[in-house]
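Heads up, the next two complexes both have chain A, just with different partners, chain B and then chain C.
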Partner chain A sequence: MSKAVKVQKKFGMAEVALIFSIAILVVVVAVPVIMIFLTAFFKDGHFNLAGVVEVLKQKDTYLALKNSLIIAFGVTLFSTIIGVFFAWLLARTDIPCKKALNAMFMVPFMLPSFICAMAWKVLLSPRSGYINKMLMAMFHLDSAPIDIMTMGGIIAIETMYLFPFVFLQVSGALERMDPTLEESARISGASLWTITRKITLPLVMPSIVAGALLVCLYSLAHFGVPSILGVEKGIYNIPTKIYERIYASGGSYEAIRVGTILATILVICATLILKLQNVVLKKGRFQIIAGKSMRPVVLKLRGMRWPLFIICVVYLLLTVVMPTVTIFLIGGLKTYGLSFLPKNMTFANYAEVFQMKMTRSAIWNSVYLSTLTAFVTMLAGVMISYVIVKMKVKGKFILEFLGVLPYSLPGTVIALGCILTWSGKFGINLYNTAGIIFVAYIARYMAFSIKSNSAALEQVSDSLEEASRSCGATHWQTLTHIVVPLIRPGMINAFFLIFLPALRELTTSVLLYGPTTRTIGVAIYALNEDGETVRAAALAGIALIIIFIGETFIKGLLARLDKTKRSA
Partner chain B sequence: MKKVLVVLMALALLLPSMAFAGGSKESGGMNLMIYTSMKENLISQIVDKFTELHPEVSVDYYSAGAGKLMAKIATERQAGSVACDVLWTSEVPDFIGLRDEGVLLPYKSPEREYVVSTIDDPDGYFTAARLGTLGICYNTDLVKEPPKTWDDLLDPLYKGNFSIANPALSGTSMVSVAMMVENLGWDYIQKLADNGARMGQGSGQVVDDTAAGDTYAAIGVDYITLDKIAKGATLGFAYTDQMLVIPSPVAIMAGTKNEEAAKLFVDFLLSKEGQECVAAAYTLPVREDVEPRMDMGLVHPDEAKARAMSLDYDALADNKEAYIAKFTEIIQGGN
Partner chain C sequence: MSAALELKDVTKIFGSVKAVNKLNLTIEQGECFSFLGPSGCGKTTTLRMIAGFENLDEGELYSGGKLFSSSYKHYYLPPEKRDFGMVFQAFAVWPHMTVYDNVAFPLKIKKLPKNEIAERTEMALKATSLTKEAEMFPQKLSGGQQQRIALARAVAINPKVMLLDEPLSNLDPHLREEMRFEIKALQDKFGFTVIYVTHDQAEAMALSDRMLVMKEGVVQQVGGPLDIYNDPANKFVFSFIGLSDFIPVKVKNGQIFVDGGEECGPVNGDIPKNLDPSIEYDIACRPSEIDFAPDGVRAQVVRRTYLGDIVDYLLKIGNVELRVQKPRRHSTAQLGETCHLRFNRLLWYDRKEETASKT
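So, the complex of A and B:
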């Protein structure tokens, strides 16, 4: 009898959940990564370091690595400066129309950076760029004043659309910060500069670093912007190099192997960056949020109030409104290169998006793939973070390790890993199906889900669950009646953190798509590469509308559902 | 919320079963997957017409650059399942390579006897289904006198303003480069490079760049350029004395599960009706009994064949990669 109980205990719900969680992460994340390392370092069953060194010695791979690092560094630096500045401006000063500005600064987050890169190429490419032409005519210049198709251009465009990562983190921290700390410094006679330097900055430093880190990881392995602005001029970063190698060589095994070696370097860089973050953050840990925070004192801008407001508006006009309008205008041209006169405009391209089989299926693929990924990854994330946060079970550290692993895996790496893992080597062949994109998306976005759900779960006190259990509820009842309702905001948040990026995904799907499984990102990219610029722009315009609807409409709907449920 | 969850759950279960069943549509009839480097406005017309005549075949196509298609097929072969039934691109060396590897299915269509082409595979592993021509596509705002000979392109007018599509990405560009090398020599490529010629992206992109005025002129594929001219682009299209004529062969993959449908499609493509679609899309048909768009400056297939630059395709199949590498080095070294 007692033996039976023991056995039952050993295989309780905790163990089952743990094993299941580990299994998911191993299959979706760990196996592809191991396949990449194996392919990179072993050739015909032998350890082959010489081959790796040889690849790294080649000038083009070495240059690609250098460019990747320079872009990542530049984008991180500028995003941090711009993000912190605007966050401070909106959180700590009396700038007018705060609410509207706050909402508007979130828009660059929604815009897919490669679509904007297309718009900027149209506006600022040397010679044919509309703005360049205008400036040349205005000031009688012989050559174009701005060339967007350079490293500087790539860094500038990526910064424009990545800085919200920093902005979001920092403005959140500034709003939640305990203002009494600053207050007491001021009473003690410290100047504003001293307060900023000694109190405010150290307090928000963890948020700045967290935001900068996200930007850095993202730009290190970003495909879209460099492929549109750089490749034509011979500027490659690692993802565009991997893409070119694989397609130029007819998909040979050797090319995939070179790809895996480059991918390994990306993983090493990402891991180093994560380590660096931990070192920086360990130096000084402060409690940012202390109880009920009071409204922080806002700085009176006085005479600078309106000029700074105008700077914000101009910045938004330049980075948000202008590229968006450009995309819609180009999409309305009869053919590329004409001027924007009414006689040259047509709605035919937009209509074609819904008539052409390829674009129609691309929209459908993206919509259902991102919905499905978001839903499945969200649920898996709830389970995994529940085991990590709430359960006391042996072997949890494996899960913790596997849980942070996807965080340092760039999209290109995941795509290569999925090709190696899911092309029939292990009996399952998903190549050319939507399935391979689906598993790649799960691997890519799992980190978002675990993060969001863990944060929500950590706020749920254990005492609530204990109370439920001691009242006689089963584990399952406790879960569905107590835990899930409490973490629902975290779950919804996770859903959108995955759904929206997946909807416009390019980096991963560009390596995985098959003849019938193009995503919106791939379709726009392919049309643009094929010289169907106006069609690409029309599809991009429709993609922007879909993303906008997804962001506002569905979010609003879910928020309302949540409210009615709570009041009932 | 619960209801939403239930609906989402149901969708989550339903969608993958729909999606991952992939391709095996329940139309009851035959399926066909075409991989082609022909652009949307050409292939979609042909597929529409074919579906009209053969409603029992459910046709799907994948249109991308020849390099990408070959990469896809190579990866598919490694993965053990080739989705492609019919391959139709402009890169003849690929077809020779695939034939020698035994991946193509020989098929002598009854329509073959009407075909006029610069290539011929006597065993019928592939058949030309279009005579692609390339000419000089130029911006009419910037170039008043269209070039007539290849040497005209070395004029200072084109300094830094002439572009050729990336031969690693575009099959037509690859073959054009090889033809220029064999007929005009590497010297000529070097001279182009010295005059600041640039390497663009795909074969469509160079035309768009020219339309936008980013370059003055480019080597442009006939139907891509003429389609844009028809839509009002400020472009012109001119043939040089020695013409770039690139046949686009069509072939059936050996492992196809849809052999019957594939043969139907090849027959249709080579038939008078199929070739009329080809001609209507501003490119050269392979049949003399179909009238090309002379009004747009195109020529008859016979004349194209007579003016065409020669090329040893068998040799090219072997040194394709070397050509691409050397060309890239010369052009990018010149900038």
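So, the complex of A and C:
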């Protein structure tokens, strides 16, 4: 009898879940990464460091690396300054219309940065940019005053759409911070300026650093903006260089090998950044959360109140409204280059998006791939995080190790890994099918899913499960009746954390698409590359509408549904 | 010498809530003064107005004869210029600074000479027994030690007035009692005026020279702890300041009967001359001021609980319950037994008036 119990225990639910979780992560994440390292460092079965050095010595790869680092550094620096400034302004001053501004500062997050880069190129490219032409006419200039197609331009545009990472982290920390920490400094005789410098900023420093490193990680491996603003002028970063090499050679093995070497560098940078982030967060996580919620003292801006408000509004108009409007206007032009007069406008381009086979299938591909990926990755994430957070089972450390792996894998790296893994080497050939994009998306977004679900699971105290078991419920019943309902908000959150970015994904899909498997991002990108600016803009406009509906409408609806279910 | 603090018609309104309503108060130099009242009655709001964190909707505030706040003149001296010390319930020590730096911070802000900063910081640390912990970070320390840091920090600048907002509420009960004495000792040593906010009447009684009882933003009574204990201004103060029994009564033929327990006989005690016959009354008494006696109103023992040296009884006169507490050696009544009670001191209140527990 006791033996039977033991045997049963050895192959209980915990072990099955563990093995299954490890299998998923190995197949989807670990194998592609290993394939990259193998390809990068081994040639004809021999370890080959000389080949690596040789690739890095080539001028264009070396420059791409340098550009990637410069762009990442610049974007991180400016995003941090802008993010901290606006977060502080909204949380610690008496600026008017705070609620509305807070909501508006989230919008840059929703906008796909490569679509905005397209808009900015239309407005500020040196030869034909609308604003440049206008300024030249107004001030009788001989050359364009602003050139967006430079390193500076790339840094500026990326900053505009990445700073919310910092903004979100910092404003969250400021909101949660105990106001008496600042008040006790005030009563000690410190002025508001001193308090900001000596108390407030140091206390939110961990959040600032966390946000800044996220920006750095993202920018380092970002494809969209540099490809639209830089490539034409010969400015490459690592992801665009990898794309160019592979694209130019028609996917030759040598090009892929160079790609894997560059990808390895990305992985190393990303790992270092994540290590740094862990160190900062562990060392500097202060308990600054208030017991009671009370309003913090706000700095009275007095005469600066409305000017600063206007700065916020102008900033949002410039970075959010202007590019969006530009996209829709361009999408409505009869021919690119005409002025925006009613006689030059038409709805035909928008209608065409739904008639043309290529754009129609792109929309369909993106919608079903994102939905499927979000659903599958969310479920896999629940299982993996459940094993990591809740289960006591031998061999869990393997899963813990594999579980952090997806965080340090930029989109380009995943795409390369998937090409190497799923092109028939292991008997499965998904190349040029939607399948390869699907597995790449799962790898790419697994980190989001594990993070969101783990956070939700950590909130569920073990005693709740124990109470259920002691009431006679089985493990499975406990899971479905107690745990899943409690972590449902985390699951819904994970779904959207995956669905929405996947909908507009470009970095990974651009390396993986085949003739019939373009996604929205790829279709816009390809149209734009082919000089079909008007069609690209029309499709981008439709994409913006789809994303907007996804962000606000569906998300809000589901959140409300969940709430009413709970209160009922 | 002018008063440490003078509040004139101080009023604060949050939306539809009058958090503080026409508060008039004078606190003398060196006094230890408590604000006592249930949660949400406006104590913190008053303290924050004194500190300068909140503007006044009406009224004026003086300290040492100087105008600090005035709603009429729209004048507010900012908190950092008031030279007050303040200690918060949630400690509010800065986690990114060592204990020493926390305490030295206000002195550095004042740009005092280096040696004076060191001297005063060390003295404040010594006075709060934190010398050994000086180089540690606050999060490594216990709640009691963190609150001592806050005290040391407030003491270091040698404030004229020290504001404490429920400083002991986040501590364990035994530590709470110990810290009370430490606060008192600090006051004796440095001679500042203390304003102490609490909802714990025992704490207020133990610490204060004078205190104030508040309810829904309105002052109920100001006075010494004993005066308030013995002569509460109304039913609310009586019930808030200590354990209390309220017994509904009827007066018949010059005798007092328990309403709902007439068959148990009359209650001893005087009937005030000015009773209004149209009003129903409760008599009020402290559980410790009721004696078991050979005669008097009859009662039944329903429950008997030992609380260390005293015994707590739940009794019933007819169907009216009351509590009696007696030292153990005087406790003869047994469970279920019928006994007789004598009341030492009776106060009479309108039955409709609110008690603290109902608010």
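The criterion applied here is as follows: the second predicted complex is superposed on the first by the 559 of 568 C-alpha atoms of A that agree within 3 Å, B and C clash if a C-alpha of one lies under 4 Å from a C-alpha of the other, contacts with A are read in each partner's own complex, and residues count from 1 in each chain.
Definition applied: a residue touches a chain if its C-beta (ideal position, glycine included) is under 8 Å from a C-beta of that chain, and two chains touch if they have at least 3 such contacts.
Just so it is clear, the model here is predicted, and its values are computed rather than measured.
Going by the contact rule set out at the top, does A:199 touch chain B (first), chain C (second), both, or neither?
In the superposed model, A:199 contacts chain C only, not chain B.
When the two structures are overlaid on chain A, which partner does A:180 contact: first (chain B), second (chain C), both, or neither?
second
On chain A, which partner touches more residues: chain B or chain C?
B
Once the structures are superposed on A, label A:335 by its partner contacts, choosing first (chain B), second (chain C), both or neither.
Touch partner of A:335: chain B, not chain C.
State whether A:372 touches chain B only (first), chain C only (second), both chains, or neither.
So A:372 only meets chain B here.
In the superposed arrangement, does A:427 touch chain B (first), chain C (second), both or neither?
The answer is neither, since A:427 touches no partner chain.
Check the residue A:472 against both partner chains and state whether it touches chain B (first), chain C (second), both, or neither.
neither
For A:190, is the partner it touches chain B (first), chain C (second), both, or none of the two (neither)?
The answer is second: A:190 touches chain C but not chain B.
When the two structures are overlaid on chain A, which partner does A:531 contact: first (chain B), second (chain C), both, or neither?
After superposing on A, A:531 lies in contact with chain B but is clear of chain C.
Across the complex, what residues on chain A touch chain C?
Of all residues in chain A, those touching chain C are 178, 180-181, 183-191, 194, 198-199, 202-203, 205, 284, 286-288, 290-292, 297.
Within the complex, which stretch of chain B touches chain A?
Per the stated touch rule, the residues are 1, 4, 8, 11-12, 15-16, 19-20, 22-23, 33, 35, 39-40, 44, 60-65, 67-68, 70-76, 78-81, 83-84, 139, 168-169, 200-215, 224, 228, 231-235, 324, 332.
Give every residue of chain C touching chain A within the complex, in rising order.
51, 53, 78-86, 88-90, 92-96, 105-106, 109-110, 139, 150, 153, 157, 163, 170
Using the touch definition up top, name the residues of chain A that touch chain B in the complex.
125-128, 133, 231-232, 234, 244, 246-253, 334-338, 344, 356-358, 368-369, 371-372, 375-376, 419, 423-424, 429-435, 438, 488, 514-517, 526, 528-533, 535, 558, 561-562, 565
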